[in-house]
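Have a look at the structure below, then the notes.
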Amino acid sequence: MIPETMRQELQDRISSAITNREAAVDVMKALQTHYGWLTDEAVVEAAGLLGLSPLQVEELATFYEMIYRRPVGRYVIHVCDSISCWSMGGESLLRQIAGLLKVTVGATTPDGLFTLLPCCCLGNCGQAPAMMIGNSIYGGVTSLEKATDILHQHRRNT
Amino acid sequence: MKIFSDMTALMTGMWITWKHIFRRPVTIQYPEQRRQPYPRYRARIVLTRDPEGGERCVACQLCSAACPVDCISMQPAEGDGGRRYAEWFRINFARCIFCGLCAEACPTLAIQMTPDYEICTRDIMNLIYEKEDLLIDGCGKSADYNFYRHAGIAVTQPRGNGAEELPPVDVRGLMP
Amino acid sequence: MPKLIIDDITVEVAEGTTLLEAAQSVDIPIPHFCWHPALGRAGACRVCAVKLLDGPVKGIQMSCMLPAQEGMVVSTTDPEAVAMRRHVIEWLMINHPHDCPVCDEGGECQLQDYTIAGGHGIRRYSGKKRTHVNQYLGPYIEHEMNRCIQCYRCVRYYQEYAGGTDFGVMGSAGRVYFGRFQEGQLESPFSGNLVDICPTGVFTDKTARFRARYWDYDMAPSVCPGCSLGCNTTPVARYRELLKTVARRNDAVNGWFICDRGRFANSAVNAPLRPRHAVVDSRESCVEDALDTLLLRIHALGELHGPGSIAVVGSSRMAQEAAELLPQLALRIAAGALCYRTTRKESTETSSFVELVHTGSSASQQDVRKSDCIVVYGCDPLNEAPMMAMAIRQAWRSGATVYVIEHKITLPCEFTLRATLDDVPLAEAERPVIICNLSAETDQLDKLLEGHSRLKIAPLFPAANSFGTALLMREHGAISLEEALADGEIKGIISIEADIPAALLGKIPFVAALDWQATATVQAAQIVIPTTAWVEMNGSYINYEGRAQHFSKVMNPGVPVKGLDPAGHPPHIHRSTATGGEALPARQLLARLIKLLDDGNRGLS
Amino acid sequence: MSYDPIDITLIGAKIALVFFVILTLAAYLVFAERKVLAWIQDRKGPNRVGPFGLLQPLADLIKLLTKEDFRPIGADKWLFYLAPAMAAIPAIMIFAVIPFGAPLTVFGHSVELQISDLNVGLLLFLALSSIAVYGVALGGWASNSKYALLGSIRGLAQLISYELSMGLSLVPVVMLARSFRLSDIVAAQSGCWFIVYQPLAFIIFLISIAAECKRIPFDLPEAEGELVAGFHTEYSGMRFGLFFVGEYINIIVLGGLAATFFLGGWHGPWLPPVIWFSGKVLAFAFLFIWMRGTLPRLRYDQLMHFGWKILTPLALVNILVTGWWLVLRG
């Protein structure tokens, strides 16, 4: 269950949209932040708020790759494997981070801190290879040191 | 001259038949002497089993569709684990012309032809073979083939464990 | 009106017509999966590729997405286009499980046809196949996601066309999955059409699962007896078992689809309890003897109670041909009454509505779909005639306003509530339609019709042939059974496919029933003669708008092979008639009865 | 001419002998045909009944006699029953005029090895062979069956056509022998066989008799590929057997005639005349079987074309040439 204040906020957001469906991503994002990931319960709640059927919310939730329908760590690392980043070494970056965290791609570290995911494009091709942790984006992650630094920074923050 | 070539043709024919009179006959004395046909000989039809011992026949009705004399009839049904099988399967050997189209049409290699050609009987009703009469215990030809291992249907193995399959997709998974 | 050349044939089509339709109009087939006449384009399958040789657009194009334009020169047989289509088919087949032998779609599968037609026979790709886990979608529809080719027809139909919200498409890219949020029965009352619309075997009819193949089907064009809409169907039978029903296209009536109620209604025909033999005084008899006995009883009753002590009772579910013979029979036996309805209410209601429809103001389902203002007046289309609700939705989708006159109903579209008919701005509408049932006030409708020349009405009658029998009621002055029994003169009835309420049944000492269903009337009857169900005979129904539609015989009557005792299954004895196959169409039984009466009269005189 | 009892007894004995020999020979000819055809086709032929299958004709006879005597609905009863006899009897009657050996002396009587030495023996043969046509015609007509009718119509046309060339091919023989009497014709060949003078007539005669006894390649009246079994489609049992045996008697008789007209009859060195005659007849019979094992059936138009446009004119030309030759020789 979500707090009443949050419900009210979301309802306001929905009513400010022209159609309910338009606000779906915002609602899902908000619920995801609240629960950590978009649980089945959250999908049903979102559907209730939006006046859609759970399936219709699920259609959107499973479409967007940054809406997580499975449990994730505190920080989700998206490493771009799209063409620009790939040509600048995005592939080895992903591999190296996986080695660093000692997890396979797609998995969460045992301490529940990081989830490593590949990602199609972060819109940061100018600073390839790019990665995103949480909501912050990092460009030009060309060396393992740089990546390690970024990860340590996040680890410290907790 | 046409007449000469015609005469030559006639005489050649007569000469050939004349020579054949003194050839050794190829006939064998059937009931006493028996010829062992080759394994691919097209005689009595059987239903084989897969290597695990299950019925290969999925009652897809392709054999009955291919049969030019309509001698095959069956009723498909659903068995354990969604396995499609023949509730009853009947071949009327009084009609069968042993053309082999059914065996050729069979996608699961269930229906096969054997070299057993001696199926005469005095009562025509005895020539109507039911599934119990047709089903054998072995695999026949292609001993290692099991249709369900290759078709993406979870009957002999869980979904995604087939020979050419990836594990099932998780539509809610995190990987893009 | 653009003019273009397709495969050396000059075609002129209406503005906005796609290349695919333009080609179809001159019988040039272009393979397609995602395009469907009822759903339009999606551009998802890429299999309708053609090559444009000249004109405003050139090169390989998807014919379903491209509107026909002036001066186009199109080739469907260009090697490049052919190769493109072949490759697309090959891609579509990469993840296909190749399980056609155990797939119910096998033999009637569009994917199969186009794979063969495209020349793809041998799988060249040696990688592994993607798999999906199926969902349970209720007792009617079988789900097999592995076979999916992502044409999106199902979701477009289900959500857009039919207005369902519980089934859709999830995921993206290679994970696309068509299903529900959670397993469970599909909620839409039109979900059965998924079976028809899926070009491959993702959705198959569970009720007919593993029963037969297309080439073994007994099929014939038929009409649904479920309600008065008269939707066109093709029932499918094998070995005297009605396996399934599929929709038959009729643009004026049901379009491409039918409702689930009409589709999954086979059990009545296959019911083991159906009367299969003639019964006289609870003893099994044959049709001839039963007819003779019936004649004797009629004479005996006539002598005992005087003429007019027998009533002939028809029903609104009997075929028109049989219904037309009832007055003849009534005349021959000097019946005390001719009835087509049991209650007085039903009788008066239908009569008045027949008058109304006769003015030529009835709206077909197509009229409803094309309407711009729909008034649902006092009826519940989704329950009374589901396909009418579907038609309302189509009108709503193309911009019509839907009004509901203060009534608690649901519709698969948005609607506005109004207190009375007078509150609806009918005068402003171009093609207004009022949908009502027989409880509506005909006087009021009459007045409205007079006031609005463009107004049409669609009165939902209760049964398949309510309209046809109502016409006969008017012509022959038939009364309801309730009225006929009021003075106690009627001592016996001959009931033809009539469902008589227990209260009325109790008042009648002698009942002879001709029916194909084991109704209460049949159970109470002294003489029972089996008739054939609609799929076992030729006949016609007249639907709510006065449209007479013929239905053809699909299968022979008789106990299904499946229902025979295990010893006789499969049958090993050769007979000329099937077990329990002595049922005759009601019209034939009536004609025989009339002939016997005529012969008897001639003999007496 | 007076008959003494011994003469009458001898004639009776001759008739009985001929009858017995010809029927037995016909039966074994059937067997021989099956055997030879089998050899030609690299098979063994009948070999189950008796040693080397020699009792096969007996088995065939028993089978034919015990089969159901079937008559189709609508068949003309009397004609249907008469036809097989009409096919077999004229064939065997022709043998009455064929001399099958040099005269013997028995009990002081000179015995002609010929049943009846008619002075118009050759004409009798032509007449009787024409009567045999009725067997085919009536059998096919009376059966009330389309195949039988078609077969019999074919048979009629064919037999009439080839009878003409057959008769004409024998005219030079008569011209050379200056007699219709068959014993005279044989006697005329005591020096040189007529086949030497008349090779063309011999060939025409050979082809014509093949057509006359409806043998392959002229078996269009039966043509099992097209007409089931032609004129005898509807016959079963011994009635069919009579048609069948009639055909083989015909082969023997026509072989005998061919020997008489062109191969010097019973004449021949070293061996007894009867042996020579039998040998020649059997050689012809073998030739017919051999032809059957080799040649395909003609088409109907080819058959008619060949008979009328080739054989008959050739026979006429042959008569003319023979006439000139005789005139020139004086």
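In order of appearance the chains are A, B, C and D, and numbering begins at 1 in each one.
Just so we're on the same page, a residue touches a chain if its C-beta (ideal position, glycine included) is under 8 Å from a C-beta of that chain, and two chains touch if they have at least 3 such contacts.
The model shown is predicted, which means the values in this text are computed figures rather than measured ones.
Of the two chain pairs shown, A-B and B-D, the one joined by more C-beta contacts is B-D.
Centre-to-centre separation of subunit C and subunit D, using mean CA positions: 78 Å.
Distance between chain centres (mean CA atoms), subunit A to subunit D: 108 Å.
Distance from the subunit A centre to the subunit B centre is 58 Å, each centre being the mean of its Cα atoms.
Subunit B and subunit D have Cα centroids separated by 53 Å.
Touching of two or more other chains is recorded for residues 170-173, 176 of subunit B.
In subunit C, the residues that touch at least two other chains are 170-172, 175, 177.
Multi-chain contact residues of subunit A (touching two or more other chains): 62, 65. The touch graph of these protein chains has some other shape, matching none of line, ring, star or complete.
Contact between chains, using the touch rule, shows up for A-B, A-C, B-C, B-D.
By the touch criterion given at the top, residues 165-172, 175, 177, 180-182 of subunit C touch subunit A in their complex. Taken together, the subunit B residues at the contact with subunit C in this complex read 58-62, 64-65, 73, 75-78, 84, 88, 90, 107-108, 125, 128, 147, 150-153, 159-160, 162, 164-173, 176. Partner subunit B is touched in their complex by these residues of subunit D: 36, 38-44, 290-291, 293-295.
Touching subunit C in their complex are the following residues of subunit A: 43, 52-56, 58-59, 62-63, 65.
Against subunit B, in their complex, subunit A makes its touches with residues 61-62, 65, 68-70, 72, 105-106, 115, 117-120.
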